[in-house]
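First chain A sits with chain B, and in the next complex the same chain sits with chain C.
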Partner chain A sequence: MKPFTFALRQEPPQRVDLSPLTPDRLAGKSIAQIEEIEIGVTRISTKVGDLFKISEGDLKNVRFEGGSTRFDLVGAKLLPGFAIHVEGDVGAQCGRLAKGGTITVAGSAGPHAASGNLGADIEIKGDAGDFLAGPLAGELAGMAGGRIIVRGKAGERAGDRLRRGILIIEGDAGEDFGARVIAGTIFCLGEARGRIGYLNKRGSIVLARGGCFGSTYVDCGAHELNFARLFARRLRNHSAQAAEVLSRRLRRYGGDTAVYGKGEILTPD
Partner chain B sequence: MGTATLDGKAIALDEAYRHAAKILNRAAFPLIAGLGADIAGARAAVLLAERLKGVFDHLASRETLADIDVKRSFAMFTTTANEARIRSDCVVLIGPGLTRAWPGMLERLALDQPPRRGAQAQQPRKVIWVGPEGDEASAVPGAKAIPASAQELSGVLAAWRARFGGRPVALDPEKVSLIDGLVETLRAARFGVFVWSASTLDPLAIEMMQGLVIDLNATTRFTGVHIGARSGASGVTQAAGWMTGFPPRTGFGRGYPEHDPWRFEASRLVDSGEADAALWISAFDGEKPAWSRADLPLVTLAPAHAAASQGLFIEVGQPGVTHDSVLMSQETGGMTLRKASAPTDAPSVAQTIDSIMAEVSEGAWR
Partner chain C sequence: MPDIVRNGVTIDDNFAEAFPMSGTGILITAPNPKWARQAALTMTGFATSVIGCGCEAGIDCEVSPQDTPDGRPGVRVLLFAMSSKDAEKQLVNRLGQCVLTCPGSAVYSTVAGEFEIKVGDAVRQFGDKWQMSKVIDGRRYWRVPVMDGEFFCEGKVGLTKKSVGGGNLLIMGADWDKTMRATEAAVSALDRVADAIAPFPGGIVRSGSKVGSQYKGMSASTNDAYCPALRGVTKSALDEDIGCVLEIVIDGLTDNAVREAMRAGLRAIIEMGPEQGAKRVGAGNYGGKLGPFHYHLKDLLP
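And now, the complex of A and B:
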């Protein structure tokens, strides 16, 4: 059955809040009712019908034909069993507090993608902005479950305060990659610039190409880690590159010793 | 009375207020930025933003939010400068340019004198300055200067915290013993204080330093004195806080305050085209906006010497100079009245915004 489709008519005149357009919140509404949903965030009104041409379909799969860097909160609070696909870019906070389901973005994502993610499987084919999987201002923890894969680059502070879950950046990572990580696993398969893993409590940071992590990471030698191999096998279908890095002999750096020193940075030996 | 100009040509004040209201009223998402004002000016600006369903940001909000981010997502020990002056027996100054950020710092903290209260009274005060700029540290007799570039500060603080906890660092033994000696000094303090400015310390480094303060407080007393940002940032943040519950970078687009440090950053709003008119306020020194778009409909409130040649310019007085002002004081850590040092009849930011607001009616958009 074909997906429930929102075809973009024109570039939005302002940022739009697309959090009402998830399957569970659309269920039981007629097309006319959906077209009347207010998605503008300023004093001018922008309604779903102003931006999108809607074609009815299987509500379990929502598809946006065309995206924009002004599409905020795509797939926010998404529930398990549902899927959202965006054929284009998305703005800030894509997949925010998603409980499950899958979100795929063919273009790039703005800041705070996967922020507070609790269990969704998110894939961004282009680049991601700053604070990937990070907490919003004032929140104590970032992503707490699920998986996010970015095929391109990520901005600054990717993985900030990650609590649980898997974060894979196949391209380069911006400044302060893996800062304040509480737990969970993050990968950077390209270059990671600047401080890495600053204030990392007990997270695992995997760097395909090494990097600089200052004096509070202590060399613990090279290891053949059985758990890493097992983990690699699980990742093979999602990111072959990440799986390949993880199945090599890995050098382990323990840190950030400024906090507990229970975290680690792993790089191929 | 003050003067007003439109694209460099003088116009009457009444006409200027009407024109300003028209520019802001016509916009879909007007921006109140700069916000270099006293408490009354900040109050008026936030009220105007609310009435216009616009957004407000302060020109130094990056610095203010660096401190606030640590405070709201981690923890922060702070005290007033006076408390540090009378009690501290160990003062650690962090980063370059502190005396530039706060010209009265050395006089207020009286670092060359011993503390006067507590068991540490009359004991010599230990002063350590990490990463001072040039010979800045020589202004404090007996201060121990530890050279470090601004980029190295976060690493230095991390190494201190690791050694304080007895955990290993990847440095040669000589350096480790130097750090251990310094950490012992901190541990032995009866009342220690870190002094920093967010203009040279990023949020992660501040969090590291405050984490060390927490660690130190298990056995002694340690706290911090943070130096507020320029153009009345601390006072504006307080006023925004009690009016909306949020610091600057708060918008009223949907009729209620929403805070988002990314979405409501002034330069991003202008350069992305999301904000389509702006009121720029810089009453202290006439600092110019940092955005790059020149075609934005703009109303500027600044002192006469900073007259804008483009758009609408309305002269305002300088808080505490041309008119009496309530400002957040770095010296006391509270609100104080500053008497005008050179009074003139130039209107204040609050008076000017009130006059503009009289021409703006709620819900009268377009």
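And now, the complex of A and C:
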């Protein structure tokens, strides 16, 4: 069945909050009612109907034809069983606090993508902005479940305060990759820079190309880790490159011993 | 009703009476089949009967590397007990003492049950706070550092209360060798049935029991009606041509698994015939009033 489609008519005149446009919140509404939903974030009104041409379809699959860096909060609080696809870019906080479901973005994402994600499977085919999977200001933990895969580069502080879940960056990562990680698993398949894994408590950070991570990480030797074999098999269909890295013999650096120190950085030996 | 004869083997018009049990199990993997099997054998040792061992356990099958979660050779172990509490206690104890200790082992859930019991979540504390948890596709796993690397164990495994214990076949033959030949053939046939185990040594029990005893306080004692050496002095169930009786007891995760295992065993015995193997096959029951599952031999004939 055809997806429920929002075709973009024009670039939004202001930032728009697209959190009302998830399947569960659209259910039971007529097209006319949906067109009346206010999505502007300033005193100037912007309604769904001003920006999008709506074609009805299967509400379990919502599709945005055309994207914009002004599309904020796409798929926020998405529920399991639903899917959102954006044929273009998205703005800030894509997949914020999503409980499940899948979100795919054909373009790039702005800052705080997958922030507070609780279970959604998010794929960004382009690049991601700063604070990927990170918390908003004042929050104690970042992403707490689910999986996010960025096919391109990620900005600074990716994986900040990650609590649980899997984060894969297939390109390069910006400064302070994996800083303040609490737990969970993060991958950088390109170059990672800055204070990698700074204050990592008990997360696993996988660096395909190694990196410089300071003296508070302690070499624990190279090992065949069984968990990595299982992980590799489960990731094979989602990120073949990440699976390949995990299938190799891995050198384990324990840390960050400046804090709790039960985490690790794994790099191919 | 006359007994049925198939290929020269007499099949009693009788039935096996079985009971509901709590069933659980784990998949053990290791770097090679030898050590996967070793862990499974150790874990299922002293697990023949719930009466004295607390549980009944056995190896269901070997699992090829393509079919295990981590791509290593595996062995699937099933464990049955009279209550889910007993099953949990036995599984956790055996996992901690027999599988955690076995070099190279890892443990995964393999039973899809309506309940879950904590195994990794209990064994993890062996890690003395160095253990790490990983949630992969919604399932929690524990990495416990040990002297050969890491013990990798799923947090919870499935448990079902729809299991059945006590399916059985009584195999009767002229002498020990022939009866054993038929019984071994039956065990290897029912080994191939999924979700069912025969918990006794090599799948075979030679000391079948009846309820009660002449001694006070003993709930079970030798099944004298089937002891060939007592044929003259007791109310024997054996004719003169029977010199040996062996029993196979079967536990299964489902009613159907027990039925199919009994069917497979019966077929193997009948195919062998009385010259090489058994002359007669029977089944044990308690009159049909105690156990809700009845497996009539005549319904299982090939």
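Operating definition for what follows: the second predicted complex is superposed on the first by the 269 of 269 C-alpha atoms of A that agree within 3 Å, B and C clash if a C-alpha of one lies under 4 Å from a C-alpha of the other, contacts with A are read in each partner's own complex, and residues count from 1 in each chain.
Here, a contact is a pair of C-beta atoms (placed from the backbone, for glycine too) under 8 Å apart; a residue touches a chain by one contact, two chains touch by 3 or more.
Keep in mind that this is a model prediction, so the values were computed, not measured.
The superposition on chain A brings chain B alongside chain C with room for both. Judged by the touch definition given at the top, the superposed model places A:225 against chain C, while chain B stays out of reach. Within the superposed three-chain model, A:198 lies in touch with chain B and out of touch with chain C [touch as defined at top]. After superposing the two complexes on chain A, the angle subtended at the C-alpha centre of chain A by the centres of chain B and chain C comes to 130 degrees, rounded to the nearest 10. With both structures placed on the common chain, the touch criterion links A:43 to chain B but leaves chain C unconnected. When chain A is checked against chain B and against chain C, the one touching more of its residues turns out to be B.
When the shared chain is aligned, no partner comes close enough to touch A:248: not chain B, not chain C. In the superposition on chain A, A:233 makes contact with chain C only, not with chain B.
Look at A:259: by the touch rule set out above, it reaches chain B but stays clear of chain C. Put simply, the nearest alpha carbons of chain B and chain C end up 14 Å apart when the two models share chain A.
Once both structures are placed on chain A, no chain A residue is touched by chain B and, in the other complex, by chain C.
Residues 145, 164-166, 183, 185, 202, 204, 223-227, 229-231, 233-234, 262, 264 of chain A are the ones touching chain C in the complex. Considering their complex, residues 13-15, 40-44, 72, 92, 111-112, 130-131, 135-140, 161, 176, 179-180, 195, 198-199, 214-219, 256-259, 261 of chain A touch chain B. Within the complex formed with chain A, the residues of chain B that make contact are 28-29, 52-53, 65, 69, 72-73, 154-155, 157-159, 161-162, 165, 167-171, 204, 207-208, 211, 251, 253-254, 258-263, 274, 365. On the side of chain C, the complex with chain A involves touching residues 69-72, 106, 129-130, 132-137, 141, 143, 149-150, 152.
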